[in-house]
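We just call them A, B, C and D in the order they show up, numbering each chain from 1.
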């Protein structure tokens, strides 16, 4: 995984675009190392961080790197509170504090195994850069990731299938970040009417040798974890947790570890092997 | 220009608050080289270590308050034995030890923060620390609830003086007593620690606080959890800018009464905040929650403090 | 739907924190008619009254903290005699009295907050209040520093129980004891007040705090004053959102232990904050500093509290 | 004096213009009573009040009404900290919380006596509406004030002389709010090189019967007070103080009263008869 420069750094916002129910925030990050898929950043607005609902936000907020191209970092945001709202309101030219890249990302599948990317809601963000990487659509930057993800040798573009679940049509527009994703919506307004875990179950029937990469709400992650456990399918789950620091200092971001004790999502994760987890804690997923 | 503190010579007056900076985790995130070159504190204070390992409290462990943070971490730590066998050697590589600092430069002294439920436990902890050349000083966290009364051991001056006196002999290293702010008269507690034999006191720890789960309207608000305690630990402690004015009052009250040096902390975000604590009598200042917003906060604070600017 | 509190029937659970709303000054600013029709509280709590008049502390009396306010007002008041002869008649015109409310409607009960340095002083204050039909209940402010120890009288449970017991007989009206938050164990203090004969407790009062004069860079900063105490009174008390999580913890701790009703306050700005205090066991909620930001804040908070919405 | 509607109300910003070193903030106030000269408002931005230096501002800020015409209130701001900065950054269409009009304003001079208006720095603000009123340049709104200020009978436009002191040329541009003001600057960059109190002394020599109306930094107010005391000239001083509420609730805004005790600037003032004051407290003036 890439090491983060020590200390938060200033990034200049280059664009904030709507993508259905989400916002795509782009910021120039000339000094930032190329992140590995699944790594995240702690972000805060330089100006006016605070003074939102209940005088928040105060601490920075965690966001998966959704893309990193030409020294520009992309983040996909869902407005769920004062921090995400403030960030979504940023204008080009305004500045961000960023501490990144942080955490452990995804690990590439063994040679020849298919990658099943399963995203739910805002949890699709880290899967976008993962698809870029695994499918080998490597822009200059991306190659670095491939080496990283591929544990040494850039894999031949491996076979990647993307399954995305959303609550509604507005959120389903987030699928535009992917090439050839299959979509499910809870309300049937787009794609399969139902849960993305149903699509996953079908895929696993067809190809028991696939490797699963998932990120989304706790309920979805738990569904994925259970499915993969039954079939002994390896699964890498990108978790979430309320965080204050993002680099292991506060011990605030824990999830229960299988067999007792806790893992710090920011340094032991956010991508954690499903085998290390028992039932997914309700707070361990993306905002539902 | 440097600072003398209990016989230690420090490059500047800014250290970390215990439990707010994990040097070994940071080493993994930022790398050994960067962290060693840019280490933000003039001494490193460990998270509270207990005799037995502790898993800590169930999540959620954090609540964001107006200009502050409520935490209910529950003092997770690997226990004395593994702290000594696993962490000390790594800390020596990072911060240097008696034989100086890897890559040159003066070592960053290690202050080990310990907590025990009884004088017996504390004695064992202090004796163990005393045997470790790597440890420069010991900080006693007396903010832990007394198992019988539920009150912080450190909240009652008489009880505090007895505990400190009982354990004092267990180490020849500088003994810092970290006072609890949840008391009627913090300077009486400081005087008690001094009378018991403490070489320094540090304050303030977090203010006892609580939060309920977000209500309908807020994301994930409403529903079952609504109105129930949010923190897995039930209650927690408030830190950050919200407590700065309370910290300044307590540090001023303590520094005015005791002879021993004082480490002041609570809501420090800038050099001006640190200067306030120094002006009311603190010898050192600790940066806590602000390090969560920026791991380099300690260096930023120290850099702005004349005449130490040159040193960082 | 209404609330019963110590035999008083209130339209809703929202009252003012003592010293944060001056009904008579407000009458001059907003006019009798408006204020009477839109009075934001279901009962009116007076500023602390003492036996003798007090001028209060020299300015500056205010310091703005992160999400809070530090005040060092010093309990200015005209003294018992003039409070009774001058203020009570005017309050009767505004809020109504035993004979009902001018212009109709139920009167807004008056709760008079008093403070004394000794049981003797308090007895005189309570006896005087007892004789006034206009006064519905009395609130005892025990956050005042004990002249000898400098500690708040209310900080020591034993001392508090003795004082309350000694003065209890001086009035047949409901007696509310306003606890100090600057103590190790607020629920022990609440139990002591209950044992002493209090009919209710209220909390939290402000947290002891301090500020230094702004430094160079800030307007009027730097120069002579820099680094000296800002407040004319030296130290002050912190209120507002910054203390909300501390207030919630103390109110929850107290409500869990005592049988008598609790008035919870500290940083309430919205109905959700008030609901939190009610959910942990408060019977009434007081709005303090938020009234400075909006004199109608109390009504806004009450309006959002089901099932009282209808009443405002 | 005009009574304030109970409760803060939302005003919409109509314009924010630079006036040399100052900003002139204008806001539509359809429901606001016409203020008397010298009355003030407690203002806060509806959005993002907080998150400035040291997480401030928190409480609203006090501002003299500089003008009130056609249901629009004008405020002159000097950026001295997080509150004034935030207000000066407002854009047309953004909203303010306002509690107004507050406090006791100026009282008109007795028939035939000349009014000497003495302003220092940002303290010139309340003198602008006072000149409008005394000079009888009554727009529709203004008439109401005249009645008020004239204690019953609208005076014939009385003889008004305006003397203004500023630190430098940029601030001296504030004089544009007045008709025919005489200016002094500390650095001599505009008008008389020296203090405005020197101009006042000369005026008082010529016309001992004048009545003085002053607002400005504590040092200037003290100079005015002393001058007038010597000559037994009646003087009305508009004071300032750190305020939390503006309506008598917090007891935070006091200044020492002659003969002991304190006055609350917000309800006993801000305009106070010099005879009621001893030496002006350093905190009782406008930001110097």
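Definition applied: contacts are C-beta pairs under 8 Å (C-beta built on N, C-alpha and C of every residue); 3 or more make two chains touch, one makes a residue touch a chain.
Remember, it's a predicted structure, so these values are computed and weren't measured experimentally.
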Labels of chains that are neighbours to chain B and to chain C: A, D
Taking each chain's C-alpha mean as its centre, the one farthest from chain C: A
Whole-Å gap separating chain A and chain B, where each centre is the average of the chain's CA atoms: 33
Centroid spacing, where centroids are CA-atom means, of chain A and chain D in whole angstrom: 56
Gap in Å, rounded to a whole number, between the CA centres of chain C and chain A: 49
Shared-contact residues (touching 2 or more other chains) in chain B: 65-68, 240-241
Chain A residues counted as touching two or more neighbouring chains: 50, 54-55
Touch-based graph of the chains, sorted into line, ring, star, complete or other: complete
Chain A - residues contacting chain C, complex: 54-55
Chain B-facing residues of chain A, complex: 3-8, 44, 50, 53-60, 80-81, 97, 99, 102, 241-245, 247-256, 260-262, 264, 267, 281, 283-284, 287-288
Chain C to chain A touching residues, read off their complex: 67, 241, 269
Interfacial residue positions of chain D with respect to chain A in the complex: 47-51, 55
Contact footprint of chain A on chain B as seen in their complex: 19-22, 25-26, 28-31, 34-35, 38, 47, 55-56, 58-62, 64-69, 71, 73, 76, 218-220, 240-241, 289, 291-296, 299
